[in-house]
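Below, chain A partners chain B and then partners chain C, in two separate complexes.
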Partner chain A sequence: MLNICILVKPIMDPASIKWDYQSQEFSYISNTFNSADTQALQWACDYKEKNGAKITIITAHDSEFTIEEKRLLKYNIDQWIVLKQPELKNNPGETAQIIAKELSGHSFDVILTGSVSEDKNSGMTPAMVAELLFIPALTNIHHIDVKEEGLWEVKRSEDRGTVQTYEVKLPILIGVTNTLGRKRYIPRYRRPPKIKKEIRILEKANEQLNVQVMKMTEPRPNIRYFDIPKDSLSAEERLLAIMGLSQDKKEQSGKKVASEVNDKTIHFISQKLQKWLQEG
Partner chain B sequence: METNIICYLPLKNGVMFTEEAWGLVEQAKTIYPNTSKMTAIVVHSGIPVIELEQLPFDEVYHVHVPIEQWKVSDYHFQAFRRICAIIQHQKEIFLFSSHPLYHDVAVRASTRLGMPMITNALKVIEMENQPSSLLVKREIYQGKANEFVSFAPTKQQYLTFERSILYGRPQYGTPSIVQEIDIEKYEPSPIQFISESEIDWKELKLTEAKVVIGIGRGVQDKNEFDSIVKLAEIVNAPIGGSKVADELGLIPREKRIGASGTSIEADIYIAIGISGSSQHLEGIKAVKHVIAINNDPSAAIFQRCDIGIVGNYQQVVPRLVDALQAERQSETYVEHLHIG
Partner chain C sequence: METVQRDTFWMISSNYKLMMYIFAGIAILVFLYGFYRRFRLWRRGVREKVRWNDVKTNLSYFYQTAIAQRKVKKDKLFGFMHRFTSYGFVILFIGTVLVAIDYDFKIPLLRGNFYLIYELVLDVFGVLFLIGLALAMVIRARKIRPRLRDGMADQAFLLLLLLIGMGGYIIEGIRISEMEISHAVWSPVGYGLSVLFQGHAIFSGASYPIWWLSHAVLAFILVAIIPYTKLFHFLTAPLNILFHPVKRTGNVEAPYNLEEMTEEERYDSLKIQGVNKISDFTNWQLLSTDACTECGRCDSQCPANNSGKPLAPRNIVTKIRDNMHHDEEVLSFISAEELQSCTTCGACVEACPVSINHIDLILSMRRGLIQNQVIEQEAENMLVRLEEQNNIFGKPWSDREDWSKGLNIPVLSDSKKVSDNQKKEGA
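Let's look at the complex of A and B:
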């Protein structure tokens, strides 16, 4: 029976969060779990249903961060280890360190997690944990086939439309993408008799930060400059011009729009298409 | 203090420098332009030495790895460590592409040595009050905010660049050192590369495709699909469509493109019979190139497109298919001649 560990990262939900331009900070903050991590968890639960497995979740978060436990408890897990450390969010590499330290005391066949977190977008924790544990890692996996218990076949999207297939021997850390499975409503599984939950309160890291966040800013807004209609136009014509429906606009777009379908036009488009295809 | 900028050059299938590699070179040249030395690390599976001798770097170190091993980051990491044992400087900044293969090498190397790392950089500038320190701009929370981070002063620093900003033209130079590092035996990896395949256009997701075809009200009959399907086969593009196309039953609901459907980031979008409502344009705002075919010259899609044809798609698409097929056939013929 496989012993599976899932690293689940609690995050501020990027879907709800908004940058408040006035106060220069985030508003509409709500907490959730990294969706690729929950995809990994969902995959592990599906595997457990069919083949049997022991699933342990490890979450590491800042002591001040509150998480909605129910959202994880509805999965069919056996053990949950919670690591809490003050000011963890300010120290990017520390999460991998404390997870690796915790994992070094356990023996897992496979560690599954999301390749990248939706909040910080750094993608460092999976490979760092693997390196600290001296086990191999393969990230950006979107499909897993279990050939034998100790031998898996996994697929990774290389570029757009290209898929690479790898065969991996366990133990290994696999970083998955959001597309590992189809997102679906997770019914409340029949809760196992007992979920072993362990909470470890860790001391604040003393190490000096080697990467510092200097500032956070709003994304640059997309500003589009429209042509100012000529004064000589009537109100109606000006309105049509702004809407892009006037004859004037048609003439402007005429530079890139061909109104005659001839061999020259077709050749031009097919050549452009080929060129753009080769660019990628 | 001289800083050595070390670029781990990304390659296409281990044998070709692409715009991504030249983009990394361009980024490297903007970092400490006057006080740095430039070194290239090339882990390849068959690039001719003459190409390596023309790279725009002061020093080039290269390792040849068989293609099956080249696809696995474990072997890159072993090659990287061997090269790093040769190049020792007072201060080093290692630059990588954020492609998963190179990203994994960078993270492992920085972790092994306990050195700082910043990933997915969008822009790197020198800090105003500390010219020897770098300020790196990154996108966080799915583009809803930007973060500016800097390294603590350390001997080595690792930086990966977002692939979308790595785009450049070929550059040439005369390196003073071009050295091949011979690795007699690699430690075997438990990860084995099996194969690489292209996903068929029918299975390809709209969000993952390089080319997407969109159909709208102008394509009113499913029976007229033949030429569009042929075009989809040739350019390996999934077929999506506008809200109207969905409501007319021309496409399934999950293939709807726009504010009420999927937002796509394809390189090329071919809009056939689509007027270009603001909701639809919202869904294609991240597309690089748009080709529009519509018989209404006032269609808003023509304001967004790079190339547009005012005409009936039933005439345009078959001719475009013929032109592309002729092009492909001539390419195959040329390849055949070369092989022969």
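Let's look at the complex of A and C:
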């Protein structure tokens, strides 16, 4: 019976999050789990149902981050190890360190995770974990065939429709894509299996890695200075268009868009404003 | 002066009487065992209490459905047939019960004018009963109603009832013919037959005990087979209509109210379990399937069935009924496609003359399907999107207010909400 470990990253849902210009802060924040990681988890659960397996989830997150546990507890998992560390989000690379440290105390046949996370999109943690554990890693895998328990065939899509097929021996870390399989709906009120949950509160990391910290910041406005307002627009939309502030991403094209205010953009904005005032 | 009363065992020897009571005892025991067999199966289901408010509400519905038979009447020919046979059957059954009270319990009921009226009423309803049966046989033989399943058993049941009805008239005719009863005109059919029977050895007093015994045996066979065949609806249909919790057409209810439950209760409650195997149905749901007469009205009205989808509401009901004793997984005899084809329009429930709620059965099983992750892919994608972004399209939930952009819709700002709340708290 396979012993499968899934690394699941708690994230703020990047699809919903928005910058609120009025309050100057992020709004519509909802905490979720990285979609590709849950795909890997779903694949493991499907495998377990057919062949039997032990599934352990490891999540690592900042102590202040709250996670919606039921989103993971509904899966047919056996164990959940939660690693909490203060200011983890400010220490890139630290996540891989604490996960690798935790994993070194266990013996898993395979580690599955998403290749990249939806929020940072760097794909750094899986590779680092594999490196720290001295096991091979393959990422961007969209198909897994279990030939034997210790011998898998995995496929990776490359550019222009090329598919690379690898035969891999376990143990290995496999990073998967969102297209690994069918995303299943798990009824909210299905009785969850008995899950052994372990929470480890870790101390704040002392050593800071020399890596540039990425932060989410206010999005730059798109100033469109060549557009002439369309007649069909409402008064408010026309004014926004004249001022060069538009939400319509389709209209962004080439040199018409600038993110800085300069003499050139001011000139065109004033021209358009005058046109609009004349029309009025 | 001749006493007007019923001579129950005229020309019947004590041996024949004994045989009749033995047959009656056996028939009643077989009937009771058959009933107990089904009752035990209903009890396997999740217990759903009878609420007296429901029974009160059901009383007028019972009158309309079981007595006035308004749903059956919608099909005129079938309406006549069913009312003739059912009214006739019930009146003849009551007549037989009165005979038992009169003779076996020694309570003198069938005497004087009451007896004369009793004879007349039974004769008239006996004729209606036979006309209804003849109509039913013709409808089936000539396949006038394609929705009916024409099995040999269906015709055999009708033939059995016909023979019992005719046997009653024959023994009455022979008795009148031999006894020369002065009040015979109160039994017009029996009197007419007595005239015809004059001089025929086969309908003489000597052959009377044979006719009498054969009539009794056929009647006891009928009693014995009722709980083992679809004739069980004689009993279960009125029970279902009267006592089943009110679930009318168009009223699709969840078996729980999420708003009234705490999060913990939602996880713990057994009520929100869908149906995965037979014993997950409620006991009233199971009983309702035994009320099915297989008339096929549900199939004929079902838009899914009529458009070639793999759903036949009658099959759903009969499959549950026929597999009740195994307590198997529902999916072993009902396919997911059948359940998913239902549009919950309620046409089947509206058409059903015995108040079976097909939608309630189907939705219970659908809940089970979802719990087992047996779900059509597009529907599943929709549920996943709903779970992730709180809308069926999977659009970011932060875009929800986008529709109001540029429309000058006043929006409560957070500060306004806070101050309002403070005012309320202050008040």
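Just so it is clear, the second predicted complex is superposed on the first by the 198 of 280 C-alpha atoms of A that agree within 3 Å, B and C clash if a C-alpha of one lies under 4 Å from a C-alpha of the other, contacts with A are read in each partner's own complex, and residues count from 1 in each chain.
Everything that follows uses one rule, which is that a contact is a pair of C-beta atoms (placed from the backbone, for glycine too) under 8 Å apart; a residue touches a chain by one contact, two chains touch by 3 or more.
These numbers were taken from a predicted model, which means no experiment stands behind them.
Undergrad: With both complexes overlaid on chain A, does A:Y28 touch chain B (first), chain C (second), both or neither?
TA: Once the two structures are laid over each other on A, A:Y28 reaches chain C alone.
Undergrad: Under the stated touch criterion, which partner chain does A:S232 make contact with: chain B (first), chain C (second), both, or neither?
TA: It touches nothing on chain B or chain C.
Undergrad: Identify the partner contact of A:T66: answer first if only chain B is touched, second if only chain C is, both if each is, neither if none is.
TA: neither
Undergrad: Taking the superposition on A as described, I'd like to know which of chain B and chain C A:S107 touches: first, second, both or neither.
TA: It touches nothing on chain B or chain C.
Undergrad: So, does A:W19 touch the first partner chain B, the second partner chain C, both, or neither?
TA: first
Undergrad: On chain A, which partner's contacts cover more residues, chain B's or chain C's?
TA: Higher number of touched chain A residues: B.
Undergrad: On chain A, what residues does chain B touch that chain C touches as well?
TA: 17-18
Undergrad: Spell out the residues on chain B that touch chain A in their complex, using ranges where they run on.
TA: For chain B paired with chain A, touching residues are 19, 71-74, 98, 100, 103-104, 107-108, 111-112, 115-120, 135, 138-152, 154, 189-199, 204-205, 208-211, 235-236, 266-268, 288-289, 291-292, 297-298, 300, 302-303, 305-311, 315-316, 319-320, 323-324, 327.
Undergrad: Spell out the part of chain C that touches chain A in their complex, as residue ranges.
TA: 266-267, 272, 370-371, 373, 375, 377, 380-381, 383-384, 387-389, 396-398, 405-406, 408, 414
Undergrad: Over in the complex, which chain A residues touch chain C? Could you list them?
TA: For this pair, the touching residues of chain A are 13, 15-18, 23, 27-28, 30, 32, 182-191, 234, 236-237, 247.
Undergrad: Under the definition above, what is the set of chain A residues touching chain B in their complex?
TA: Spelled out, the residues of chain A in touch with chain B are 12, 14, 17-19, 26, 93, 96, 115, 118-124, 127-128, 130-132, 136-140, 153, 156-169, 172, 179, 208-220, 244-245, 249-250, 253, 256-261, 263, 265-270, 272-274, 276-277, 279-280.
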